[in-house]
Amino acid sequence: MLHTNRFGNLKYVLPALLVYTAFVLLPIIASIVLGFTEWGGIGMPKFVGLANYAALLSDPMFFKALRNTAVLMIFYVALPLCIGLALAAAISHIRPGERMALRMLYFMPYVMPSAVLGIIWRWLYNPIFGPLNQVLRAAGLGALALPWLGDFNFALPAVGMVATWYYVGFCMAIFMAGLQRIDASLFEAASLEGASGQQTFRYVTLPSLLPEIRIVLLLTIIASIKSYDLIFTMTRGGPANETLVSNLYMYQLGFELNRYGYASAVAVIGAIFILVVNGIVHRFLPTDGDSA
Amino acid sequence: MTEIEMKSGSCRARNRGPRKLVAIALFVALPLSPALAQSLTVWDDYTPPPQTEVITKLNEQFQAAHPGVTVERTGRSFDDLVLTLKLTLASGEGPIISKANQGAQEMGTMAKQKNLLPVDEYIAKYGWDKRQSDSILARDRWSDKGEFGVGATYGISSLGEMVGLYYNAKVLKDAGIDNPPATLEELAQDIETLKAKGTVPFMIGTAKGNMSLHMFAAVSQAAIGAADRQSYDDLVYGHGGSWNTEANLAAVKQVQDWAAGGDFLDGYQGIAEDDAVQLFISGQGAFLITGTWHLGEMQGNPDIHFMAVPGASGVEHSLVVGGVDLAWTITSNAKDKATQYLAGEYLNFMVSDEAAAAWATAGYLPAAALKADTVKVPALLGDALAVWNTANASNSLGHYPDWASPTMYKTMSDNLAILLAGGQTPEAFIAAVDQDYQAYMAAPK
Amino acid sequence: MNTRKPADQLMRAVLWLFAILTVAPFALLVLTSLKSREDLLAGAFVLPARPHFENYVSAWVDGLFGTYFLNSVIVVVPVIVLSVVLGTLCGFAFAFLKLPGKPLLFGMLLVGMMVPTEAFIIPLYYEFRWLGLINTYWALILPQVGMSIPFVTLFMTSAMRQLPKDLVDAAVADGASPFRVLRYVIVPLLGPAASTMTLFLFIWTWNEFMIPLILVQDDARRTLPIGMLFFQGKYTIDIPILTAGAVITLLPIIIVYFFFQRKFIQGLTAGAVK
């Protein structure tokens, strides 16, 4: 260790911690405090104890938001994970140069601002002017040319598909990196033993990829709980709250209806969910010696 | 108000003595210029290109009449205004003058938080009350106790506004219909005729909820005669009452029947108002229920006409949804007298005969009566003016029902979406609306 | 592995098909941005009679995308510089120096990495109101620096710990002060880590949505994604200009991505697995 003046060393961390504390940590604490109050944005917040949290338990809109998030997890978590895994496995049979080119294309949506992608997809989904329904009609599938984002049954999946599109390449890239990490001798042994492709995947690939699966689960579940940008730009929660999620609800309660205390309680619950997911994924998918 | 006071506003915080001298010198030199090098930040919602053209021209005229004043205009869509005006004013930022939506969610909240300044002083000074009727001005009033329709006045509007029935005469004729429907019953017949010919009866797009809300409001108020309007006024002005009325229920049923009967454009749930209007102008659909704010674009197709939504037969002087467009307001950012005075001047110009003529020439409906023969009125505006004059003469200008509570817009548009999709009975819809309203009435203001 | 088998060839074809579908929206975007509104009615996939580059001029000037673009740059650059500098100093202390309450400080930073912006945006908004900094560049820069610091710090700490120990030890043996060790021994070796960090920060800040949505209402301070959102509200029907604006928003990212894609993907995936 360099230098033994512990307090003198604080000068290296103070500038960063100061900015961080002022604009992240203090607001987080304030949010927790605000969650115990009723506040309309002016005057002093009124302390109400756990009343906001009690009200949340009987708020049908909040449960609707949770239900929607649960459905969205199919599209944010399950589909990207499965498709990403399949793509990574399939792509490993291809020459490296071509493999990299494919990976670049699949990964592309992930670097884009999701808010802008939402706006673009709103246009793609437009039932009259949008390209999607034009393609469907041209292909003789006019019956499938739905009003997508305005349809009670399809709005949520339509938003979800955009999330799937967004995360597939990311998941695939993580799994590709994972596959390279696996000892090639394992695959050779499997093929010597006469294992089929499926068997190899089931008994060699999958178990070896557990650390990657864990990280993909963690990131996509958190992304699904945080989902906001896409929905704000595509549907604003409509039609009739069919695509409402908790962060959007927090926004409406706070910045539209001036119920900042209640909105903070919603925000705090969202953050707690994320921390819990973190804990669960770490606990139930342990890996050997990995520090994540 | 003296000239010196006004100048002190435009260049305060400099050393006082010389400034005063300069001010006096200028006062002598330019007795007619009200302020020196003052910039006026203005937010408005005139974003459709034909409206932008008018407002840009008006701003230029205002600047020409007020040397040294620059109008810094920002055009914002309705959504943008609703999303940002309250927040920005509350943080002591933003424009000096802004358009603001009447009703509890917007103007009511901002008046309560003292982010808007009363304009009563200017009403008296410029005589706006002689140009616009009291029932129109009442829509901008909020009392200190948060009552709607009474107390100080917080704004004034340039344009009259009505929600009515646009129809495409050519499309009707092609289907063998020579005259537009005079009653709701005739409208129902026409719809059947059109459907039989394979024509889309109603153009509509409900992706944002406002078009279905306007349709419901227009149909429900068309069933109320001017003589029976009191209870509806009471509802919207927050005096209490119930939404569970025959007219409301019948209107909800009617709108739901249209949706269920395939009378709307296929895919209407996925397109927004602008899309629907564009399609209608291009000749798709026979009818479209929306507001006079689209008059300017609609005249691009000469086959399009405007009329009041027909009421049931037997109703005299049916209410026509509307009133005025978003109001011009002076915000709390007009801190000193000089700025406030200049803002008052701006508002006065925006409701002047000159402005009215400019709007009418472009095809839009001014709130104040047009001076006869000063303007060549475009044909479509002629239709609208006829409805407007009748409505004003017979006291049958109705209301936007979403003004009734801060959450009513969302409650109505959300539940209408469910209703149109067949997920709710008309009775359940009315119950949801009433629940929202009674909760607001019961809450402390 | 054998790529000549018909099954593998089929797999390849399918992979390419899906890859093309994945990027098809971007191609469609560029195509549409070059159309006139009349061309649009002919169908989404029909080529325009001539490319309408004037859409880009309209978007840049009338649509204010020029302003938004400049704002995005004005915000992104200081966020990157401040975050990397502050995070490197902080990471150095965590990697090599003794600090009072180190685990506590570390835990404090971890909180910020896990709690999403949405959870504290309301107090943050009121904080900036109280500071009188709503509608300023500060409102866009400071919170984003604060939000980046935990990540940069942890990333830099681990990058520094992976440096050859002998180098640092040799410098210490020569009697160099910690700052000199950082400046002359460690920083020159941090190039790869710092450039990866820069890429991430660029993309996160360029793409940020919530902070500019809430902390800025003035059109003159809006960044590209927010400008695009409200442009869409204003001109829903002008799809060619909307798509031109989208291309302006996405182009810098696409360019950076194409040049650095390996670094990007490796960084993002490795960073995720760490």
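We call the chains A, B and C, going by the order they appear; numbering starts again at 1 in every chain.
Following the convention adopted for this analysis, a residue touches a chain if its C-beta (ideal position, glycine included) is under 8 Å from a C-beta of that chain, and two chains touch if they have at least 3 such contacts.
Note that this is a predicted model, so its numbers are computed, not measured.
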{"item": "Topology of the chain contact graph, where touching chains are joined (line, ring, star, complete, other)", "value": "complete"}
{"item": "Most distant chain from chain A, judged by the mean position of its C-alpha atoms", "value": "B"}
{"item": "Which of A-C and A-B has more C-beta contact pairs", "value": "A-C"}
{"item": "Mean-CA-position distance for chain B and chain A (Å)", "value": "40"}
{"item": "Centroid distance [mean C-alpha coordinates] between chain C and chain A, Å", "value": "17"}
{"item": "Residues of chain B engaged with two or more neighbouring chains", "value": "87, 90, 275"}
{"item": "Chain C: positions in contact with at least two other chains", "value": "125, 214"}
{"item": "Of all residues in chain A, the ones touching two or more other chains", "value": "41, 129, 255"}
{"item": "In the complex with chain C, residue positions of chain A that touch it", "value": "1-4, 6-7, 9-10, 12-13, 15-17, 19-28, 30-31, 34, 41, 87, 90-91, 93-95, 98, 100, 102-116, 119-124, 129-131, 134-135, 165, 168-170, 173-174, 176-178, 211-212, 215, 219, 222, 225-226, 228-229, 232-233, 247, 250, 254-255, 260, 263-264, 267-268, 270-271, 274-275, 278, 291-292"}
{"item": "Complex contacts: residues of chain B adjacent to chain A", "value": "83, 87, 90, 109, 113, 206-209, 265-271, 275, 279, 406-407, 410, 413-415, 417-418, 421, 423"}
{"item": "Chain B contact footprint on chain C (complex, rising order)", "value": "125, 128-129, 132, 134-135, 214, 217-219, 230, 233-237"}
{"item": "Complex contacts: residues of chain C adjacent to chain A", "value": "1, 3, 8, 11-12, 14-16, 18-20, 22-23, 25-26, 28-29, 40, 43-45, 82, 86-87, 89-90, 92-94, 96-100, 105, 108-109, 111-112, 114-116, 118-127, 142-143, 145-147, 149-150, 153, 168, 172, 177-178, 181, 203, 206-210, 213-214, 224-226, 228-229, 232, 239, 242-243, 246, 249-250, 253-254, 257-258, 261-262, 264-266, 268-270, 272-274"}
{"item": "Chain B residues within the chain C interface of the complex", "value": "47, 74-80, 84-85, 87-88, 90-94, 272, 274-275, 278"}
